[in-house]
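One chain, subunit A, appears in both complexes that follow, with subunit B as partner in the first and subunit C in the second.
So, the complex of A and B:
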């Protein structure tokens, strides 16, 4: 029996793909000068860092709380505005309701363009435009959320059951009515679930945004690192850790309730 | 009253959905359309409310030709209820919400879009649910109901349209025998009480005999039998359908094997592809 007749009929292809990935990995790591020995050799230095981090300055927690709250607020406001903007636009990005292929192509191209902008870059540009602060960070989150979540939204609009749409057509509903009374209610669990998922991402990424001056807990984190105040860094890191855990737990709970 | 006048349908892919379909239905008739998958039953039903447009010929409902502007079609569809094999409800919405959408074509489009229904709309919903025995499920999520209950919600949705015609596309193909009986008797009862004209496609000849006042048999897009349930004998249908008739009869000798997950058997190429069945 030849290999062609077995379940392993594509084995040569699979071997070739793995070989190519392996070659690419080797090539890339050689070119960026990856040296795992260096990682091991410097463990000693990490010891010093860890020991400094082991004595957290808890008094600093109180000082960092407002910045932490700001981070969460940035994420919440940015996610809400971004998702609210994305919902109508994602209807334009599918033929399901509009029946118009031209609009779909234009809207999707714009959304693709927005998605290519890395969030930190958007934040850095907005800092230059609007100035530093939490509002700028929120704007960056709006841009990211809008681009990212509209793709999730329009893909789920496209996956909606044809039968539901047909039934709505059969009762004589208009396009807007189909959207409001069939598509959105059908997708509500998805819409909420995706929005919560993006909220989780945004809480995390809004910390990084602070490091380019866009407000939130990233600002004190940045200065603590620059001053090598690892007793403060560890307090910030732990506080962020707790907040992320809480947000994740809350959104998991909300999702369970809804589905 | 429904009149088919020399109706033909050829799909863009060359498949002939309907060939020279020509018959009339009087008000109050309960017609069962029988035939194998692909015989043209679904296509025929969908020409009645204009979801499928005939290639030639025309369909009249209550003296008016099906077609025209989008607004004309919307008004026409408002008077024609339709139920489906897959129920086609909005799962996460409540029973009440699923039923009240049947009022949409009778309202100003803006009011309907905003969900501003009036007292009478809500009363119609309650009355319709009462008719199908689901008044106590008003605020339940539709996807929490059994298949048979979901189909009865779909019937209620059609009833609040205050229709003169009720179309049903394989309404019991996904249901167990008990639910099948309930749904068929609900259809028959609303026809009796509200004097609706009912056109139901069925796989099962025995069901057609039991519930319909008239049976129309289709094959390859053509009407090959048109008569009373008494005339639709095994011998007669056997002659018309040949070997295919045995398949039609056997198909529903085993309703249990279909399962009751509400999905039913895969429709192997039912007579319209998805693009065609959708509205513009």
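So, the complex of A and C:
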């Protein structure tokens, strides 16, 4: 530890950081019209809402099951296609196989761009093009999965042991052979667990997709919220939560089995 | 043994194939609509000629105003969450208080995490009325759940050595907290909070759909009125803003390491 790292030297810096964060916080609060007195005064209003949410309308569960199944189908199909597309692209995004720095930079910036697209906006554009329904929702999930998972894939490709690759190259394997016989087998556990992880995220985010007409359980949720039927809202939210829990358990089980 | 394993693999492959077949059959093929050429042409025209006039009008009802509001919502919500989650994390990590208190706090974190942002948005719109403040509170509630858990994990990961050392020379509990534990967790807390801010900006852009302020409402309005030039400028604005926030927060987090 050098003298520059001691608390006495760093104290002015720390105070400055706190002051900047405080000033930004004050500015932002003024901008959004934060009024904590109102929050405390009106907190009783939450009581009525929460009590309506605490008396769920279980009869509605049967009516919402088809939409829930549709959500799971959208998420499964979209995640599969997205992950399958991401795998070859993630090879292009590392120097490990291509050995070309230019390709890496171009592919990575493209992937960064795709990741910044808000999912709702992508879904809204697709709804205009393809029409409303589960197929559109699946396409939106493909876009999101592709952008998100390719980063996870290329980061794990980069972190694998170079030794195996060099050994294969030394005995005359082509780049494609190295990719198929050395990289993919050592990557398989990561591919499986990342894909299951994204599947879970996709089931959760399906709630948003339905709001712009992209099918799934978000469609009944949207109408239940518009009608202020919170007894139905809570049934839908709990149903999605249970599905996420099941996927979580299944993926933990599959991971233990496979890996 | 080996045969049994092979059978397991086959059975699992069959299950996966069956699930995927069910999924794809349910989604259907739903091809392009009849007028997709015209629609695509008008979308492309909109993206080539974004509504630049909307960028700044000086009234606040424009792109820059909506983006600034979205960032402010995310910032206030995330800072509030960090301020609440920080102390609670020490409770949840059983550094102070009893086991029962700790597990109660952990359960609250989990419950908050399971609520989708949109539902939290609706709840706070009911409590404080529609507007960006409701959005901030929704972001804060969701972020408390996530940050609380991550913070508590950091606290649990602390090695007891420095604490024991201070205690051995007669430090009180508060002194151990201030001089040994806080200096070690605060950099980690800041890094996690910055990461959360990136996620919050994305969530804040959705919350407008339930009346909780930010860029969500103009997006929904522009899409439903099919004004693609307006959609395009909102799209470009979001992409640039999210990239900038990610870059700044990434650079800050690298510096802290």
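Basically, the second predicted complex is superposed on the first by the 233 of 259 C-alpha atoms of A that agree within 3 Å, B and C clash if a C-alpha of one lies under 4 Å from a C-alpha of the other, contacts with A are read in each partner's own complex, and residues count from 1 in each chain.
Note that in this section contacts are C-beta pairs under 8 Å (C-beta built on N, C-alpha and C of every residue); 3 or more make two chains touch, one makes a residue touch a chain.
Just so it is clear, the structure is predicted and the values come from calculations on it, not from any experiment.
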Room on subunit A for both subunit B and subunit C (clash or fit): fit
Touched partner set for A:88, first subunit B, second subunit C, both or neither: neither
First (subunit B), second (subunit C), both or neither touched by A:186: first
Partner chain in contact with A:225 - subunit B first, subunit C second, else both or neither: second
First (subunit B), second (subunit C), both or neither touched by A:35: second
Contacts of A:176 with subunit B and subunit C, given as first, second, both or neither: first
Which partner, subunit B or subunit C, touches more subunit A residues: C
Which superposed partner A:164 touches (first subunit B, second subunit C, both, neither): first
Subunit C versus subunit B - closest C-alpha approach in the superposed model, Å: 8
Subunit A contact footprint on subunit C (complex, rising order): 8, 12, 19-20, 22-24, 26-33, 36, 39-40, 43, 68-69, 71-73, 75-76, 79, 114-116, 118-119, 122-123, 126-129, 131-133, 135-137, 183, 202, 205-206, 209-210, 213, 216, 219-220, 223, 226, 231, 234-235, 238-239, 242-243, 246
Subunit B-facing residues of subunit A, complex: 99, 161-174, 176-177, 180-182, 185-186, 188-189
Residues of subunit A touching subunit C in the complex: 7, 21, 24-25, 27-29, 31-35, 38-39, 42-43, 45-46, 49-50, 69-70, 72-74, 76-77, 80, 112-113, 116-118, 120-121, 124-125, 128-131, 133-138, 204, 207-208, 211-212, 225, 233, 237, 240-241, 254, 257-258
Sites on subunit B touched by subunit A in the complex: 49, 51, 73-78, 80-82, 84, 86-93, 97, 101-102, 104-105, 109, 112-115, 154, 157-158, 161, 167, 274, 277-280
